[in-house]
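The structures come next, written out as structure tokens.
In the two assemblies presented below, chain A is common to both, partnered first by chain B and then by chain C.
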Partner chain A sequence: MIDWSGYLDLILQGALVTIKLTLMGSVLALIMAFLAGLGRLSRFFAVRALATIYIEFFRGTSIFVQLFWAYFVLPLLGFELTPLQAGVLALGLNVGAYAAEVVRGAVQSIGKEQYEACTALNLGRWQGMRHVILPQAFLTMLPTFGNNAIELLKATSVVSLISLADLTFQAQVVRAQTGNTLVPFATILVIYFALAMLISWGTRSLERRLSRGLDGVRV
Partner chain B sequence: MAAPIIKIDAISKSFGAFKVLDGLSMQVMPGEKLALIGPSGSGKTTILRILMTLERIDGGHIEVEGEQLYHMQREGALVPASERHLTRMRQKIGMVFQLFNLFPHKCVLDNITLAPMLTKGMARAAAEKRAMELLDMVGLADKAKAMPAQLSGGQKQRVAIARALALSPKIMLFDEVTSALDPELVDEVLNVMRKLAAETDMTMLLVTHEMGFAHDFADRVLFFDRGKIVEEGKPDDIFRHPKQERTQSFLKKIIAAGHRV
Partner chain C sequence: MEWDWAFVREIMPTLLEGVKITILATILGSALAAVLGLGIALLRRSPNRIVSRTVGFLAEFIRGTPLLVQLYFIFYVLPDFGLLLPPLTAGVIGLGLHYGTYAAEVYRAGIDNVPRGQWEAAKACNLSAGQTWTHIILPQALPPMIPALANYFIAMFKETPLLSAITVLELMNQAKSVANTYYRYIEPITLVGAFFLVISLFSVVLLRWLERRYGKVER
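Moving on to the complex of A and B:
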């Protein structure tokens, strides 16, 4: 019989790395999404062009290749990154490109009358965006942001390729050491699923909280 | 005689191939209450939207309080206004929309205080005090914490009026403010406007299909058709003794449709 307790420890350590990557990657993705998403709506051609290039490039190339660039090629150009930094960078930039389109779409879905109210109240472009448009658009973005975060969680497994000891990496270690395939892979399957459910639940409850009062129901 | 507060000089505006306004000129005196009536597409709403800078003009000039709205002086020449110039000019003007355009994610109080705090640097306490006075004026002091979705159409429109007033504009534009309301809610909004007209010396421009209200409210009525002022005069003259044939047939149609005169 194999004593699984030590191996469970390994897997849990891997889970921590995966969670850390997901959280940090999501923060970067969120920042990139708003920068590029609003950039696509800019009055200035150069800003629009830059945002479009970023989005198309990171959606159009493989996340594996992006990760390899971050970890193996950037050092050749003088940027030395730890595996964790490279992982966060690649994941955040990649998912941020998808989420940028979500930001753009949500902002554009807000009716013209809201923009006109901003003008009539003499709010500046950014004031209107910050206080009127984005708070409403954010509610539209949330469900898709949840999807993006789950995508990001699942994509974290690619970092095992640059020897970062995440969930998938540790499962392979356990498999190599015990010779058992089913138990480690079944375990991480359940853990990935549980984490994804956690993200779904989190975005849903945030959505409920933010939409309170908007539908005319007295609270 | 005082100088006009609004001076519109030969403005034109097209939407695609459709020429809404073609060389329109008119003047409004300070404190005047003006009703703009006429069939749909006659350009009356477009005039309000142009004054609020929601639409740009294709030609002509507009002066508000003796200052160019869409132009400014630079090195002796008249050049198109910068965003900064427009921002300064907009302080003089407020607008109430047909569909209220409240911010659905903010409570009534925050709808009203947002702009004064952001554009005039008012402290929250001062802005809220002023907002409560205005809500009291429109009869909605008890709804300060309500969300727009919890209000009736008439209540929403009264909040929208309070919101526009919070910036203390000299000119208020009312764009068919009762057209989207259920008939039984129209009066509560009109009463607020009557009160406003009686208690302030604001200049008010009103686009409306409520002929009875236009008659009581306005100092002067302008009848528009196809981007031109066909006839203008005192309410009694326009509504009781219209001279132009087009005015007569328009009023006849409106009465036939059941509107009060």
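Moving on to the complex of A and C:
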């Protein structure tokens, strides 16, 4: 009979790495999403072009290739990255590109009359965006952001292939040491699912909180 | 490190071998996902509560956990239960199962979009349940879904590099083995990215065409 307590510890350490990656990746993705999403709506052609290239490039190539590129090719060009940095960079930039389209869509879905009201109140472009458009658009973005965060969580499993000790990596270690395949893989599947449920519950409650007092204002 | 075109020419045939497997896996995976997705969508509408709940939970579970871990599960755990699959078969089943749950949501939305009157008219014409599905509901529900389904199949295409983790010799794996043989990462990994970008950009054009051709619902 195998003593699982030590291995459970290993899996939990992996879970911690996965959670860390998910959180850091999400922060980077959120920043990139707003930069590129609003960039695509910019008045300046150069900014629009730059944002479009970023989005199409990262949506067009797969996360896996981007991660390998960040880990194996960037050092040759003079940027040495630890596996964790490479992981956060690839995950954040990849998911950020998807989320940027969400930001753009949500901002564009805000009615014309809101922009006209901004002009009528003599708000500048940035002021109008900050105080009128984004607070409304953010609520539309939230559910999709939740889905994007779950996609990011699922994508973290790929970093195990560049030797970062996340959940999937630790499961492989346990498999190699015990020879048992069912227990480690079933365990991490359940942990991943629990984390995904946690994210979707989190976004739902955040959505409820933010939409409080807006009943009847929004359709 | 310099970019070496002679080296690129040398490794091209090997990479093209990989592209073939990548495309084969995508096509087989898409076909499986399309069929499984329809099955899941229909079972979720089953009048039997136990069937619909169980299938619903399983689909949710598969969607909430990483494809990589599912591939490991199919490839490493199932042999313990006497089911030894060749790598490509395991990969195609993994892709088909994972994206089948996404396709199921597309089918569900498409079926829900068929107006109630059609169901009632089918009943009034004394059609059986099977006849209603094959002659009335699905012919109307399927064409508008095609663009959304194609979107997921493109996403699946971008996930095929994961198959390299279960030793399928697709594009990414060929590139890695070339890189490990010659100790040059910059060309193989960059070329993999370029291949994916080019094929993705083409598929975006195809997707736009599909949207124009099938996306609009004629009522």
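Keep this in mind: the second predicted complex is superposed on the first by the 215 of 219 C-alpha atoms of A that agree within 3 Å, B and C clash if a C-alpha of one lies under 4 Å from a C-alpha of the other, contacts with A are read in each partner's own complex, and residues count from 1 in each chain.
Here is the rule we use: contacts are C-beta pairs under 8 Å (C-beta built on N, C-alpha and C of every residue); 3 or more make two chains touch, one makes a residue touch a chain.
Quantities reported herein were computed from a predicted structural model and do not represent experimental measurements.
Steric overlap between chain B and chain C is absent once the structures are superposed on chain A; the two fit side by side. Touch criterion met: A:158 reaches chain C, while chain B stays clear of it.
In the superposition on chain A, A:174 makes contact with neither chain B nor chain C.
Contact with neither chain B nor chain C is seen for A:99 once the two complexes are overlaid on the shared chain. Taking the C-alpha centre of chain A as the apex, the lines running to the C-alpha centres of chain B and chain C meet at 110 degrees, rounded to a multiple of 10.
Looking at the shared chain after the overlay, A:127 reaches chain B, while chain C stays out of its contact range. Of the two partner chains placed by superposition, only chain C is touched by A:62; chain B is not. Contacts of A:33 after superposition on the shared chain: neither chain B nor chain C is touched. Of the two partner chains placed by superposition, A:86 touches none, neither chain B nor chain C. By the touch criterion defined above, A:21 lies against neither chain B nor chain C after alignment on the C-alpha atoms of chain A. In the superposed model, A:189 makes contact with chain C only, not with chain B. In the superposition on chain A, the chain among chain B and chain C reaching more residues of chain A is C. Closest contact between chain B and chain C, by C-alpha atoms in the overlaid model: 26 Å. Of all residues in chain A, only 56-57, 59-66, 68-69, 72-73, 76-77, 150, 153-158, 160-161, 168, 171-172, 175, 181-182, 185-186, 188-189, 192-193, 196-197 touch chain C in the complex they form.
If you check the complex, the residues on chain C that touch chain A are 1, 61, 64-70, 72-73, 76-77, 79-80, 158-162, 165, 172, 176, 179, 185-186, 189-190, 192-193, 196-197, 200-201, 204.
Residues 52-54, 87, 90-91, 94-95, 97, 99, 101-105, 107, 114-115, 118-119, 147, 149-150, 163-164, 167 of chain B are the ones that touch chain A when the two sit in their complex.
Residues 113-114, 116-117, 119-124, 127, 131-132, 135-136, 139, 213-216, 218 of chain A touch chain B in their complex.
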